[in-house]
Structure formats: structure tokens, C-alpha cells
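Listed next: structures, encoded as C-alpha cells.
First chain A sits with chain B, and in the next complex the same chain sits with chain C.
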Partner chain A sequence: MNALNLKKISSQTLWGGIAVGFTILLMIAVLLDSQGNIKLFSQVVAGGLYQGMLIFMVAAGLSIVFGLMDVLNFAQGSLLMVGAYVGFDVLSRMSASDKTNAFLLTLHVMVIGPILVLILWELTARLILPRVMKTVEIEHSSLFGKIQVVALTGVPLGFVVGSVWAKDFSGESDVVRVIFAVVVVLIALLSVSRNNILFGLRWLSNEGGIRFRRGMALLFNEEASPSDHVDYDPQFKQFDLNKEWLPLAFGVVVTVLVALVLNNTEVLMLRFGVAAIAAILAGSIAGIVMEIVFIRPTYVRPFFQIVLTFGLALVIREGIEYRYDIDPKGTLGGYLPEFLQGTFPPAYLRDLFPADFETTILNYWIFMIIMGLLMMIGVQLLLMRTRIGIIIRAGVQDSEMVEALGVNVRLVFTGVFALGAAIAAMGGIISAGFLNIDTTMGDLFLLQAIAVVIIGGLGSYAGTSLTAIVIGITRSVAAYFSRRQFNTDAPAPIVVLLLLCLVLYVKPSGLFGKEH
Partner chain B sequence: MIDNRLRRRHPLVQTIFDNWLYFLVLLFLWRFPHLVAEWTNSEADPARRAVGESSFWQSVMIDTFILAILAMSYNLMLGFTGLISFGHAAFFGAGVYVMAILVGQFKVSFVSALMVALLTGTLISLIWSIAAFRIKGVYFAMFTLAFAEIFFLMARLTMFKHLTGGEDGIRWTVPDWINPVKNRLQFYNFALACVVITFILVRRLMNSPSGKVLVAIRDNETRARTLGFNVFLYKTLAIMVSGALATLAGILHAIDRAGAETSVLGTERTINPLIMSLIGGLGTIPGPALGAGLIRISEQYLRKPELQVDLNFMIYRYRTLLNTESYWGLALGAAFIIFVLAIPYGVVGATNNTWLRVRRWLRIYIYNPVVRQNPQLATWATPFTGEPSEVALALAQQPAPMTLIEWARRYPVALMNAITFIVAVGTGLLTWDWQVGVSWALFLILISIPVRVVLWLIRWPKAIYLIGIGLGFLVPRLLFEDDALFSVMVGFMITVVNVGVGIYIYRWITALRRYPLVNTWIAKR
Partner chain C sequence: MSELILEVNDIHTFIGQFHILEGVSVTVQQGGITVLLGRNGAGKTTTLRSILGLANVRSGHVQFQGREIRGMRPYKVAQLGIGYVPEHRAIFRDLTVEENLRIAERKPGDLAKRREFIYSLFPDLERLGHLGGNQLSGGQQQMLSVARALVPENQLLLIDEPSEGLAPVIIEQMMEAIRQLSVHTTVLLVEQNFRMASQLADQFVIIEEGKSVLAGRMSELVGNTELINRYLGAA
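Entry: the complex of A and B
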């Protein structure tokens, strides 16, 4: 048993080593061919990395969904296209008028502000204050109490502040609004606080907390804790203004400072963020609808399921063509904030580098690489460190057993499908900042992603992540050599597809997959 | 008197008797150009006049024949052997490109180029078969997809521009005897002959023992292997025949267009035969050809930038122009998905099922010559002359037929269909104008669609909430486009009201579950 396990691990390590070694060899080849031209070399490597990250965004969904429910979704590339088009739609609709700015800023202060305050408050109370004031016992309310306070005070405050701030753009300001904001916030704070003097709204915090926890338990199939059955939960700490004014004030002040520093230059970033959120929402809704309406009735007919996903790709493409007509839409480069444009290093980091330092790497590539890495790590953490992740991994091994243990596997299937779709849609909006938006962008990414998933081993998330980077760099190096040889980089995807066919011939289970 | 059906006939006559429908269709297709020429007062042979209604319809039919061959070859892999191919464009494109390159660039003679093109297709199918030896199911689908995409990307490369013409494609001169411009009728007959040969080939293959093994592989590969069949060999057979036929379609396309363009290698060349064989009937012999004809000819009629729609209601005439050009792809995709979900074996499969039942019934009870000559065997037919047979007893034990009201309550959709049918036929008879009848039927079907959708959705009550939310988003978007805040508020109200109504309907249904009639109806849905 032990020996078998060891053999398995060593095989995976071996293949991983071979893949990494192959990548390093390719990079050395580029270095030798360009006669040590570091600028060219870094361009090839960064180009490969960002391509790998974009391919990964499609491949992640393919891999997880196939691992969990044996569905190879040929429409995953189309979901990326949906993300790109929805992002384009939202961005082009938000024209640079005062009205849009007001809307965006209000949204920002209402949504992002409170979340920032919450994070800072939690961090201050849990990490900073105990270290600064070691002798004093710090009391702070539970997360739900904090959410309540922030929601009840931050959202109306944000609404008022946002609208006042937006009015500044057109040269007006309103004192009444500010007074109104202060009154609303005071009322809200006092009514939520434990030592409130206005209303006896104890249910807002304590009983609400219990309900919240019960709902979460129901949602994630956890066992209800014994304390859920009582009306008053002693574990639940209510917000107390007397004890918690310091971290709360710290959070608010820092948020306001951040908002002031960013000021109105961030409107572009906000717009891009709003578009990204809209794209992710659209993608995940499309994923949920696809799973429930189309995929679910065909689990018993896997043959038709494959054909169906292939047809869904067509339908999505035709729908997009119908909605946005067939002409390419160009990139979203014009909508990008300043620090994502131009080449590395960006203007605000210029001082950190020598004066003659310049590269051909675009700032946006680095942004794409960072986003891809975040996504990679985030999904890995989700799979490895959360209860949902445990359920998914168990479902990959034996979904019937998981169902027998009382987990609502159908819900998990839908959720995972939506997760994959959301990642793909996010890849869409991110790639749209750099690549042309057109109706064939999904197909190209789909094939590369299929190559990645097959070579990495279907159902192996770690394999997919590693292979995405390897394939991205392979593609970039192939493009480099073909540009030198033939003056065009079109053959690069062919190399990847040939690699896919080769791996399918030689080792259909992929480098890290289990034998099927 | 000996029954007519027991008489022995000459085999040829017997063949014609057995396949009378196919022979009728063939006869019609053979005479089709001349019939169109008769009807429209144009010339069938463009050697005399190049343009005209007849030669136009010939070109449409040639396109249909090419698609029919492609769909039949596709069906051989997907419908009969269970090999999912997402790369049929590779064969098709190979046929087109090899013909165009050999004749157009290297000036090879037409017939030898044809041979080489067929050989190329077979060679590709050999590679696929070797892949099918190791790669199964969805992996094979991915392999074929990647394979076709490699060809597609290669054809677009600038480095092979001297060979493939890159994005511009190639033009070549077709020999006169088959030239679709100079000698279209001849090419029409050639293409028709190709379709007939393909049809006979596929039918012969599927009715042979090897064909039965292919179906066995589709149904259960492990079982076929356990029974001792060389699965690899049979898969090779299927892929090779399919590949050669698809290449033949490609060759015909190359002749038809007198050239090659990169789109022949694109995904739509795979999607089209897939949709056609699915709508016609996967795993049936005439299905794909029927699907190709249905789609190509309805496309000819319906896909227009300005389609004139006339609806007659007794005396009122509603006339409008629709841009169906942009709807076409979407409608085709939607039809595809509806077929996969609801009618997976297509038109032929669905009618076969019903028709088989009717024929079985006719064979047993009506056409049976033995029963006819020995009436005592069928006492149910002559209930007063003998003892009742098992069939008659079984029939007697059936419960009494439903009353009309019961039937209507149990099958509301059928009731709707019946009303539509009666109104259509009735108004048609009353006004003695078939257009009025058809318009009424269309109108009733159109307005019954939401009712049908709701009836279908009731099996899943949460859908009603979704509809409510969807309406909440849609209606204000349509009504108040200018005022965002107002439309959001109205949308919210509509959503709330709709979800409320949804909950009410849901409770109403759950309360109705107590009643057996509705209960069976809900369980059926």
C-alpha cells in the first residue's frame, strides 16, 4: 500500500519535473537564440505567462466540472465570450457623463466602502489592537454584528456621501444632505448598539445572528449547533459603541483617506470593476441556467450531453451575433485606467527603477498574470481549505457516496458549474482589455484549454494549473521562433494542438490524471 | 383466392414494391429540373439559357445533395457507431482543398485528382481509426476537434500561401462536362447519382452483419468485444467509409464552387451535418438526408433580410416584414437543443416509432393474410361467430374509454391541439380558402405557446418565480428605457407581484395534488 502510494507520488513528481524541465529548456532555447537579449527573453516569458493565465481561466472550469460530474463542457469557451461581450456592453453604456459618475461613485461608496470598513475593523480588532494594548482585554462583536452595523450605517451614509461627492463634479453641494447623513448614521449606530437609548432592537443583532447561522448551516449541510435552538445565544457578542469606537473609527478614517487619495482618477478603474462584476454575474447566471435547464436532464444520456454542449456553444455564439452583430468590437484598452496602460514600469513606480530601464512588457500583461495567479490560488484554497472544497473533492472520488451522506449533490453540481462559468467570464473581461472582442474568441480559447486539461490530466486541478503555464510558455516560444522563421506567429496554436493530439495518442489520461 | 401478398414476384419488381417511396422520391428528384422548368416557363438546361428559375433551383438542390451526403456520412459515425466526431470538416475540407490544389495549382487531370482526393480522405480516416483504438468517448471528440482545427489553422497560414492561397482561397477551372455553370443539369444528375450511391452504400452496410456489429458497438462496446468481435476493425470500417463519403461531399463542393475557401474547414461544416442528422434522425438511414433537405430548403424560403409574412383572419389581413436573416442561426441552434432534449432520434426516429406501432397493428389485425383466410383465428374481428381469442379478451378487459371532459382535463395540450385543428379545418371549409385555415392554425399555435410553456413549467414551480423575476427585468426595459430608476422600481414591483402570484399558483397546485386526475397529469409532466 505504502509502496504503491510512493510510486504514484513519484510518477506525478516525475511528470511535473519533465514539464517544468521542458519549459526551462524552451526558455533557454529562446535565450540562446536571441543571444542573451534579456528584453526579448522577458517579453517571451511574460507573454507566455499571460497566455497561460488566460487559458487557465477557461481550463479551470473544464477541469473541475469534468472531475466532479463527468461533463466536458464544450461551451466553456463561449462563456468566456459572454463575459467579454457583457463587459463591453456595460462599459460602452456607461458614458462619461456626470450621471454615470454619480451612479458609479454612489455604488462605490455604498458597496466597496462598507466592505473596506468591515475588513479594516475586523483586522484592527483581531490583529492590531491586541498587540498594541497587551494589558487590556479587547472585546469585539462577532462578524455578523459587524456586518449589521456596517450595513445599517454604511449604506445610507454611502448613498448620501456618494451623491454629494458626485454633485461636486457639477459644482454643487448640499448641506442638508450632509446633515441628513449624520442624523441617519447616528440613529443607525445608536439603534444597533448594545447600550442603545432609542429602541430596544436587540433582535437585530442576537436573534438575527442565530438565524444567519442557521441559514448558513442549512445551506452548507452543516449540523446545527445546540445553541441554535435557544432564542438567546451567549456566544454572540453584540456591538457595543463604548468598547468598539476605536477600531470602527479607524476603519472609517482609513476608508475616507483611501477615497480621498484615489479621488476622481479612479472612475475608470471603478467602471472596469463594475463591468467585471457584471460579466462575472452574467457568466455565472448563464452557467446556472445551462446546468439546470440543459445539462441536468441529460446526465442519464451522456452521449447526447456531449452533443448538447457542443450545440450550446453554437447557440451562445449565434445569440451573441444576434445581439451585438458579427463585427469585431475591438479591445477595451481605451476604458482601462492609466496604471494598466503602457509598458512596464508604470509611471508611479518609475522612480524605483534606473532611468534607462525600459521593457517591452505591457503593464496589462502583468495585471493579467496577477489576476490569473490570484484565481489559481483562490480556487486551490477553496478546494483544499473549505467545507465546500471537501465536498467537491469527495464528489470527484465518489459522488453517490457523498449524496448518501446527506449532501445535496445537485446543488453542489450547479454551484460548481456556476463557479467554472464565472471564472471563464472573468477570463473574458480580462482578456477583452487586451484582445479583440469577436465571436470566434471562445473557440480559440476552448481548444487551447482542452489541450491544457488533457495534458494536465482531466480532473486534476493542480495538473491543470501547472500545464496552463507550461502551455502558455510553449505557445509563446513557438510564436517567437515562427516569427523569426516565417515572419508570422499564426502557427503557435497549431503546435499546442499537435501536442494535444500527441498526448492523446501516447497517454490519454494526461500527465497527472488517473488512468481511465 | 391466394392473397396478393403471398405471390412470388421478380426480385427487381419486389425491390421496387418494397422501396416504392424511395423510388418515387428518386423519380421526382430526377425530373425536378424539368418540372420546375415546366411550372415557371424556364429552361432546365442552361446550355440554352444560363439563368432562370430552373437552374437556380438546381443549384439549391445540388447544395442540398452535398449536405445530404455529408450528413449521411456523419450519421454513420455518430448515429450508427457511436463515435462522436467534432471534426468532420477535416474530411470535407480535405476533399475541397486536394481537388483545388491538384487541379488548380499543379494542373493534374480531373479524374486522377479525384482519386487522390478520395485517397487523402481515407488516409485521414486511417489516422482517426488508429486514434479511436486508444481514445474513447469524449476524448475522441476532443481529438477530432483539435485535428480539424489544425487543418483550419494551416489553411490560413501565410507560409503556405503559394499552395492553399491563404485567406483568399483558390480558384480552379472545372472540366466542361461537369461544370456547374456551363452544364448545370449534368452536374445536377451527377450529384444526384452520388447521393443515391451513398444512400445505397450506407443502407447496404447497415443491413449487413458488419452494420449490426457497428450498432452493437454503439450500444455497448464492452459487450461487443466480449462477444468476440474485433471492435477496432469495425470502428476502422465505419470511420473509413464515413471519411470517404465526407471527402466525396467535399469534392462535389469543390466542383460546385469551382474553388476552395478556408470556411470549408471551419466548425460550421461539422455543426451543419450534426444538426441535420439530429433533426432528421440519428441512427436512421434516410434521416440525415431528410434533415439536410428540410434545413437547406426551408433556409432558402425563410432566411431573408425581409421576409413577407401574411396572416389572414377571415377578412382581416395582417402583413408584415421580418428580418429572418439574423434569426436563422439562433433558430437553428434552438431547434437543435429542443431536438436533443425532447426528440433525440429526430423526425424519422419519432415517426418510425409511431408508424411502427401502426404497422404492427395493421399487420396483426388487418393485413395478416393467414388471419384473413382463416377468420376463425380472429374471433375479435367476428365477435358473433366463435369463442373470443386472447386478444379479444384483453380488449374486453380494457377500461371504458374516457369521456371527452375527462380526456380534456387530463391532456390540456392535446385539447389545445384539437381546438387548433378543428378551427383551422372548419374555417378553411367555411371560407373555402386554405390560406385562411392555415393562418388561423398558425395564429392559434402562436398564442398557445405561452400557455404550453406555463403548462410545461408547472412541473417545476420555482420556474414561476424565475419568470416573475425575468418579467420584472424585461417589461420596464421595454416600457421605460429612459428612466433607469423608475424602471428599476417598476421592475421590482412586477417581480414582487409575480413571485406572489407564483407562490399562490404553487400552493394551488400542491393543494390539487389530492385529486387523482390532476395528480396523474402532474406526474406525467
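Entry: the complex of A and C
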């Protein structure tokens, strides 16, 4: 038994090492061929990395969804396209007026505030509070409870603070908006202190009732009933510091800080951010609808799913052609904030580098690489460190047992599908900043993402992440050599497929896959 | 007569096209251990799965604490307070022992409250916490599987073949653990090992070819070699 495990672990390390070694070899080949031209070399590597990240954003959803539900979703690429088109739609519709800008700021604070509050609160509750207050037993409430508290404090506060602080907020009083904000804040306060208020009301009515009955008994010269005495559940008596008031205070401070920072950022950045939020929302809603309406009824008939998701991809493409017509929309390059345009180093970092330092790497590539890395690490943390992650990893093996433990697996399936769709849609708007928006953009990524998921090992998230980078760099290097030899980079995608064939021949379960 | 915690009344269960249970009735009283006996393939496991909602029950009633649970989704049934220890253990191999326990929490803090009790039953688990589920021996996996069902406060545990494939020493340990946990929690046990079943259980139900045929007090069955031979083969 033990020897077997040892073999399994070393097999992952072995194949991971081979993949990394292969990538390094490719890079050395470029370095030698270009005779030490660092500029060219860095361009090939950065180009490979950004392509890898974009492929990853499609492959991530594909991989997790396949691992958990055994569904190979051929419409994942279409979700990327949905993200790109929705982003384009939102960006091209926004006017440049002050009111729009104020609205954008408000929206940002409302979205970013709660997320930051949640993250910072988690860190505080887990790292700092136990050290400062040793006597206080910190009871971690459920993720849903936290999200509720955070959303209820962060969203309305963001609304108020964002509205008030917007740099270009015009003097016209928007009474309805203010009243709405006040009402939402009150609801939030009520919800946070609900237990205490309920306890107060119950206490009042109980004690009042008891005194009234005693008085009546006195009036009629009767003995007061000894049962006229109420015991309260101890949990309502104490003031719950951790669950209620601290997060609230936290929410206020963090939201105000977020608003302050955002108020001083470029308006174009806010616009791009709002478009990204819209794209992600649209993608996850599309994912949720797909899962609930189409995929859920076919879990028992796996073959149907392949045909079904393939059909859905076509339907989505036709829908987009109907809505936005077939002409390519160009890139979103014109809508990008200044610091994402031009080549590295950007203007605000110019002073850090020697005066003659120049590269051919676009700032936007670096942005794409950073976003991809953040996604990669974020999902990895979600899978390894959270309860949801434990449920997903367990569900990959035996979802029936997870259900028998009291987890609503159907809901988890939908959530995971939505997560994968959201990542793809985000990949869509990010790639649209650099690549042409048209109705075939999803298909290109889908093919490579499928190759990545198979090479990495079906259902292995780590394998998918690593392979996405390897494939990205392989493509970039292949394009470099074929440009030199044939003056075209058309053969580059073929190399990816050759690699796929090779891996299937040598290790059919993929680099990190489990042998069955 | 103590209160009924579970009442299964004449259920008919299908797996695909196959009519597996053709009228099974089981009553489980609050407290103590009830054992389902019967030959291989008689339908004992399917009975447990039917109670949880994991199998397709076409007719009949399943009542838990007076509430009809037939047709409810399995996670809802579990949340009412039913723990499940399936046959072959169903440990999550890619999760650590600690994570295997954490996944069973129904609300935060469940594990913290029960940890001491769990370790008192299965001291081994304490030092194995960081190991992966795939690194455990069969006996350790079985202990983890039972421990997992103890994390939330369940009123009823469904335990399927806890002695299957275990060494005699481990079986003794497992029996002792089940005896101890049954002080707080009602247990419905499926067990082929008649010696183990007879020492643990207060009540028995015999299932044969998808029908429940006999039920009563364990003490009445133990001396009756004729019944044992007829329904269970050689004891």
C-alpha cells in the first residue's frame, strides 16, 4: 500500500518535472537561436505566458467541471466569447458624463468593498484576533453567514460613500438615491443586530406579561402562579462581538478606504472594471442557466451532454451574431486606461529603469499574465483551503457520499459551473483588450483548452494550471521558429496538437492524471 | 416500550428496472442497536440506502421521528440527523484525515465540539490527522468512516458492514466503539458477522430476498439455531 502511494506521488513530480524541463529546453533553444538577444527572448517568453493564461481561463472551468461532474463542456469557449461581447457592449455604451462617472465609482465601491471586507475580516479573525484576545473563543460562522453580513454592510455603505465622494458628482440632489441608500443601511443594521433586537422584544413582552399577570393576581387576591418565570436561551443574552459588531465596524472602515482609493484612479480604469464585472456576471448567469436547464437533466446520460454542450455552443454563437451582427468588433484597446497601453516599462515606472531600457513586451501582456496568475492562485486556494474546496475535491471522487453527509451537491454543481463560466467570461474581456472580438474567438481557445486539460490529466487542477503555461510557451516558441523558417506562424497550433498526441501515446491519463 | 425513532413501512425499491426491495418494514426504537440480518444480496444495503433517499423508493413509507422522509433529497435527510457509514467505507482518498472529518460538519464548530469524543473512541485518528485518506489501512479507514458520521450531532447512525475485511483485533475495537457510541446515538446496523451482531444488538430484523421476514429481540434469536440456520445459513 505504502509503496504504491510513494510511486503515485513521485509520478506526479516526475511528469511535472519533465513538463517544466521541456519548457526550459524550449526557452534555451530560443535563446541560442537568437544569439542571446534578450529583447527577442523576453518577448517570446512573455508572449507564451500570456497565451498560456488566456488558455488557462477557459481550461480552468473545463477541468474543474469535468472533475466534479464528468461533463466535458464544449460551450466553455462560447462563455469566453459572451464575456468579450458583454464587455464590449458595456464599454461602448457608457457616456462620459459626470453622472456616469459618479455611478461607476459607486458601483465599484459596492462590489470591491464587500470582497475586501470579507478577505480582511477572515485574515483578522484567523490571525490577529486569537492573539490579541486570548480569552475570547472565536466561533467561525458559516461562509454564507459571513457573506450575508459583509454584503449587507459593504454594499449599502459603498452606495452611500461612493455617491457622496464621487469626484465629478454633480450638485443636483438625487433624493431618491439618498433615501434608498439610507433605507438599505438601516436594513443592514437591523439584520446585523437582529438577534439582539429580537431578544429585547421577547424580553419586553415576557417580562411585561409576567408583571401584568402578577398584578391581576394581586387584584383578585390570588397566589401568583410559580411558573410565571422565563428562562432565556443563553445565546441571546450575550452580545456576539465576533459575529456582528466587529465585522460591521470593519465593513465601514474598509469601504471608506476603498472609496478613497478608487476616487483617485483613472476613470477609464473604472469603466474597464465595470465592464469586467458585467462580463463576469453575464458569464456566470449564462453558466447557471446552462447547468440548471440543460445539463442537470442529462447527468444520467453522459453521451447526450457532449452533443448538447456542442449544440449550446452553436446556439450561443448564433445568438451573438443575431444581437451584435457578424462583423468583428476590433479590440477594446481604445478603452484601456493609460497604464495598460504601450510597452514595458509603463510611464509611472520609467524612473526605476535605466534611461535606455526598452522592451517589446506590451504592458497589456503583463496585465493579462498577472490576472491569469491571480486566478490560478485564487482557485488553488479555494480548492485547498476552504470548506467549499474540500467539498469539491471530495465530490470529484464520490459525490453521492458527499450528499449523504448533508451537503446539497446539486447546488455545489451549479456553483462550480458558474465559477468556471465566470473565469471564462473574465478571460473573454481580458483577451478582448488585445485580440479581435469576433464570433470565432471562443473556438480557438476551446480547442487548446481541451488539449491542455487532456495533457494535464482530466480532472487535475494542478495539471491544468501547469500545462496551460507549458502549452502557451510551446506555442510561442513554435511561432518564433516557424516565423524564422517559413515566414508565418500558422504551424504553431499544430505543434500543440503534436504534443497532445505525444502525451496520449506516452501517458494516456495525462501528466497528473490518475491511472484507472 | 420506548419511542420509535425510525419506521420503515413496506417499502418497494427499484434499482434501474430491478425490483430490489419487495416490501421491507423495519422499526428502530430510540436508543440501542438494531441489526439487519440476511444473506448476501438480500437487500440490507439497499434498505439503508432507501432510508437515506439514495435509492429510488417507489412505494411505502419511511418516517424519521414521526416525519415522512421518503422522496426527500439525501442531503435533507442527512441534515435531519442521520449519519451514514457505507459499506466499503467511502473515505475520500484525496483528502487528509482531518479534511475527511471537516467535510462532515453541518455547522461550523461541530468538529471542535466532538473531537474529544471521537478521539476517545478511536485514539489512532489523532496522530493520523495529516495523512491522506489513501495512506490509511483498511481498519483505519473504517474508523475514520465511523468517526465522520459522528462529527455532527446525529440522532441515528446507519452503519453498513463495519467488520467487513478487518482483522479480528480491529473488529473487537470496532465493536467496542459502536457499543460506546450507541449510548448517545441510536444505531441501525447491517452486519454479516453473526457473532458480532448478536453481542451488540438489542433488536434484529431479518431480510430475505427483498422482504423483511422476521423481527424481534436479539436474545430470542440467539438460542434458536433453527431460525438462524434457516435464514442466515450456518452461524
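A few remarks follow.
Methods note: the second predicted complex is superposed on the first by the 346 of 516 C-alpha atoms of A that agree within 3 Å, B and C clash if a C-alpha of one lies under 4 Å from a C-alpha of the other, contacts with A are read in each partner's own complex, and residues count from 1 in each chain.
The criterion applied here is as follows: a contact is a pair of C-beta atoms (placed from the backbone, for glycine too) under 8 Å apart; a residue touches a chain by one contact, two chains touch by 3 or more.
What you are looking at is a predicted structure, and each value in this text was computed from that prediction instead of being measured.
With both structures placed on the common chain, the touch criterion links A:337 to neither chain B nor chain C. Applying the stated contact rule after C-alpha superposition, one finds that A:16 touches neither chain B nor chain C. Of the two partner chains placed by superposition, A:273 touches none, neither chain B nor chain C. Of the two partner chains, chain B is the only one that A:454 touches; chain C does not reach it. Of the two partner chains, chain B is the only one that A:322 touches; chain C does not reach it.
When the shared chain is aligned, no partner comes close enough to touch A:345: not chain B, not chain C.
Set against each other, chain B and chain C differ in how many residues of chain A they touch, and the higher count belongs to B.
In the superposition on chain A, A:493 makes contact with chain B only, while chain C stays out of contact range.
On chain A, the positions that touch chain B within their shared complex are 72, 74, 294, 297-298, 301-304, 306-308, 310-312, 314-315, 317-319, 321-322, 325, 443, 447, 450-451, 454, 486, 488, 490-491, 493-494, 497-498, 500-501, 504-505, 508. Residue ranges of chain C in contact with chain A, taken from their complex: 52, 54, 73-75, 78-79, 84, 86, 90, 92-95, 99-100, 102-109, 132, 134-135, 137, 148, 152. Against chain A, in their complex, chain B makes its touches with residues 78, 82, 84, 86, 130-131, 134-135, 137-139, 141-143, 145-147, 149-150, 153-154, 156-159, 267, 271, 274-275, 278, 326-327, 329-330, 332-334, 336-337, 340-341, 344. Across the complex, chain C is touched by residues 1-2, 5, 139-142, 387, 390-391, 393-394, 396-398, 400-410 of chain A.
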